[in-house]
Amino acid sequence: MGGETAPGRMTVADFDELFEDIKTWGTWGPDDEIGTLNYLTPDRVAAATSVVESGRTVTLSLPVNTVAGPDTPAPALHYMVIVHDIAFGDGDGRFATDFIGIDFHGESQSHVDALNHVSYRGKLYNDRPVELVTSRGSSTHSVDAYRHGIVGRGVMIDIPRLRGVDWLEPGEWVTGEEIEAAEEAQGVRLEEGDVFLFRTGQHRRRLALGAWDNNVVGRAGLHPTALRLLSERRVAVFAADGDGETIPSPVDGVSYPMHPLKITAMGMCAFDNLQFEDLAAACEEEGRDVFLFAAGPLRIGGATGSPINPIAIF
Amino acid sequence: MGGETAPGRMTVADFDELFEDIKTWGTWGPDDEIGTLNYLTPDRVAAATSVVESGRTVTLSLPVNTVAGPDTPAPALHYMVIVHDIAFGDGDGRFATDFIGIDFHGESQSHVDALNHVSYRGKLYNDRPVELVTSRGSSTHSVDAYRHGIVGRGVMIDIPRLRGVDWLEPGEWVTGEEIEAAEEAQGVRLEEGDVFLFRTGQHRRRLALGAWDNNVVGRAGLHPTALRLLSERRVAVFAADGDGETIPSPVDGVSYPMHPLKITAMGMCAFDNLQFEDLAAACEEEGRDVFLFAAGPLRIGGATGSPINPIAIF
Amino acid sequence: MGGETAPGRMTVADFDELFEDIKTWGTWGPDDEIGTLNYLTPDRVAAATSVVESGRTVTLSLPVNTVAGPDTPAPALHYMVIVHDIAFGDGDGRFATDFIGIDFHGESQSHVDALNHVSYRGKLYNDRPVELVTSRGSSTHSVDAYRHGIVGRGVMIDIPRLRGVDWLEPGEWVTGEEIEAAEEAQGVRLEEGDVFLFRTGQHRRRLALGAWDNNVVGRAGLHPTALRLLSERRVAVFAADGDGETIPSPVDGVSYPMHPLKITAMGMCAFDNLQFEDLAAACEEEGRDVFLFAAGPLRIGGATGSPINPIAIF
Amino acid sequence: MGGETAPGRMTVADFDELFEDIKTWGTWGPDDEIGTLNYLTPDRVAAATSVVESGRTVTLSLPVNTVAGPDTPAPALHYMVIVHDIAFGDGDGRFATDFIGIDFHGESQSHVDALNHVSYRGKLYNDRPVELVTSRGSSTHSVDAYRHGIVGRGVMIDIPRLRGVDWLEPGEWVTGEEIEAAEEAQGVRLEEGDVFLFRTGQHRRRLALGAWDNNVVGRAGLHPTALRLLSERRVAVFAADGDGETIPSPVDGVSYPMHPLKITAMGMCAFDNLQFEDLAAACEEEGRDVFLFAAGPLRIGGATGSPINPIAIF
């Protein structure tokens, strides 16, 4: 539970105070729909490309899960539409096509959240009324606001490496102090406009022990107070191999505190359920934890996110 | 139809000869599943990042089409799964989530083709038997072979700009000579490992005149013989605002000649139905047609492609 | 427009008065979820079976529409899951299976409405709050309340036959007086617990002239005041080849008046978009318009209806 | 395993002999697509309605399963399309609609099989080549061949009642002799054109002990040789609370022998995974095991079956 540095439990009042402190509403005008992605200015995108050295590329996504399991109650649908039975030409050429359907916010599907994914006290990010999200989709903060992509300097903070463990156990959280300790140990520093990749080793645990229902059994995450650090540093993107939440929640009476804090209050561009095992191996082999991060969400109008496969480029 | 340089119509025999001439089977070993993406070595990826100057990013994707139309007989499904009716905490925080389902090879959906998408005379790329693709998915050449992303130097060849028109009309084709003329006019040259973005203005026409059934009415494309140029230049990726096909086909008896040629014979990584209008505007404003191209396919096991939103970075 | 007997247009005040007059709330207790289906007592079901003479059976359903068209903006999905590639035994036996997905309230899909399908002034049938229907489904009046089937005496009222036309034109409505005239002409009478099959010839028109967007161009229906007749007669089920609505609506300011009246006020079990052309032919050949009607909704928990194929048995 | 009367295990040669013996191919002409449903002549349909006495109706379907579980690897999709956010009239009326998607041959979904569902040695029922079923659907024996419904005399044969147990255990099979013993004990007899409802108590076991993967752990079924009885009696329909198969299979080298025998050889109309617990209670209360059976498959063109809710009418 973060050892001696564990900041203890929080109340709803603590939560509300934190919410207000890190809230960015209005910072980029009343019509803003991309929040902290504003930190990722073209200059910073250009600078991020200069970190590339070897050109090695690495997926940050899980395979799309199409089989039911403890963390996959609603597996993705993958059906072949055509199987080489449409001829072209003289009948010797044939096509195969398919259909993919994803309930993409599921806990085993890699995805990006849009800023309409979460509300708090009737409000979405930037003071928008929650009523703008209906069963017909959302008229605000659609994932299409991210259509020009999320490209920036990626910095992987590896907590299992810091702690000398294979993975964090469900229920363990990470504080801002521990993030700073990891920065120092890794020789990196989260800067304005960076993509923060927060590794808990969740997928390594899943590969080793099998899937578990991390909504019930628990998952490792960031302590809510650590968002103050991300806020001060003006981090643009929060990408996790879980979703940042610690379950059970450290906040009494708030089951998923990180989501309203990072998304609703901060307007943070957030990636959930990524896969950092290929990345961890690459960081070790490349000898560095900094790289170019590039992701293009599907342009789903009115959607609260998108399935996604972000790429790290070393 | 390409003016005086039109090479005229082709027979199946011509097609078969071309198929053999540009075939890469075995070039990267008998187990290869990524074809021309082998040209995109880490060195070339790294070099590609050095073309970035301003840091401007641009989507190359159409919005996911969820409404039936002449080129959208099977619109994507977008359903809200939860609409802010799952509370967390004290009931003041709520989530919204959704489901997206896409028959992604549809002619109005931006996607990448995997190398198992097309067969010719019973064979997939690299001499694999077509029987490996079944209604349960494909056991070879899945799009997951591209999981580490497609990142390289993008070069947009703009045929409407060369011709001084808004767009190419359905049925018009472009020859290799015209590609070279465009290179000269634009001051660019397709090199080994490049991402070739072939603009016909299809989406501009769609925006201006409305959608049409381009499988029936026709579409503008590349003449099959132009693939000799791409083969010689060792281009890694072919990305089009159509799908490269000219319809009606210039090959007697082969309705979609480009697909077996580029995918089955060449093992070419191919993007279909992209949207190059944002790109064309950016190229004009940035004063150049070369940029970093980055795309990450969804990791759909056994799939013949993926919906995708590639990003251009200037 | 119903000729001299046309009752003219209605105001919202007229609508509200009618709503109150035919409202059945509380009639079958505060927990009732099946409304007028209560009229279909076992005695009446048994009596209905005694009308069978020849044993001829006839479908009352449209084919499931899987192709986009003017009245099919969201076509059903039909994908093969397995195509004879799963062997059993010695490999000589094989299975084929499939997936069907239907946005079943669509105007070209035959379906039954559940009583949670429509609300008026914040209330569902039987004074239930509309908030019970959420994006996770409905906790009241699910179609599963109809799980034991809808079996009763079917009486087809054939307005085109009465009028001597092939079909009613979009925008035409039918009054209670005209229903009574048809009864007299056909020698039938709607009794308590009957299934009222209301034929406008919509599908015959569709077969002859092609599909049209009947939400925009219009459709033929019942005049709202005719519901007084169904209410007095204690009809149990309203089954139409359209959905009962006249479009454009005869009620100023209420686009779809029939739905809240029949479903919300009356608690009427309602079938929409049925196909009565096979039925009309059978009625003519059998020399009668009365038969046994049998339908079993899919048991979809929380759903607002079900796709369905009711059968008429002569 | 059926006690002393167990006929022992079968070889593929036994299977093939049985296949030939009960094969009906050609009986109803070379174009026939409904097989044993031909036994259900209008006369027999009419006669079946005369068995109705009380008018009680009972569902024979499971709820559509939308939650993953041991026998539900691909749960049905149920998404709300609209949740009371489309106003009509003065804004006070609202609609809710939904989407249902079912991989309906799944072992926990009640469905009817079409005659194209199974092939043996390259042939479908009535000597049709298996190649007629492709990834685009089937051009023969579609479930739409059953569009006019399956209406007949239902006879429930209750093996757990005969044996004095709550349910049959996975792996247990039932012989033709035991069917005859049940007939005698129940005072019923399967006649030409009847709907045979074969109760093993599978769903009662599922309710009591929870779901299990009956493809792996096993299920109780009919012994293949019992099909001789159904063949001699000219039974029209086979409806089971499992799917008739005994797993593990009694036939060496044929995992699912009942399917090719009943569907491919006999052309039997077959319902799988029905729910007979409501029925068993009704039979006990009504004091008889004979009733009217009525079912209307969804008219899915090219499909190998349909989800369905058949109704028993006492």
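Order of writing sets the labels: A, B, C and D. Residues in every chain begin at 1.
The rule we apply is simple: a residue touches a chain if its C-beta (ideal position, glycine included) is under 8 Å from a C-beta of that chain, and two chains touch if they have at least 3 such contacts.
Everything quoted here is computed from the prediction, not taken from an experiment.
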Taking shared numbers over all numbers used, above half giving same and below half different, the chain B and chain D interface sides are same
Copy-to-copy rotation for chain A and chain B - C-alpha atoms, rounded to a multiple of 5°: 180
Once you find the CA centre of chain C and the CA centre of chain D, what distance in Å lies between them? 28
Roughly how far is chain A from chain C, centre to centre by C-alpha average, rounded to an integer in Å? 46
Residues of chain A touching 2+ other chains? 77, 80-81, 83, 96, 99, 101, 134-136
The residues of chain B that touch chain A in their complex are 12, 15, 41-50, 52-59, 61-64, 66, 76-78, 80-81, 83-84, 88-90, 92-105, 110, 116-122, 130, 133-138, 144, 147-149, 151, 251, 253-257, 259-260, 264, 278, 292, 294-311, 313
Touch list for chain A against partner chain C, complex: 77, 79-81, 83, 99, 135
Touching residues (chain side chain B, partner chain C) in the complex: 67-69, 72-75, 77, 80-83, 85-86, 101, 134-136
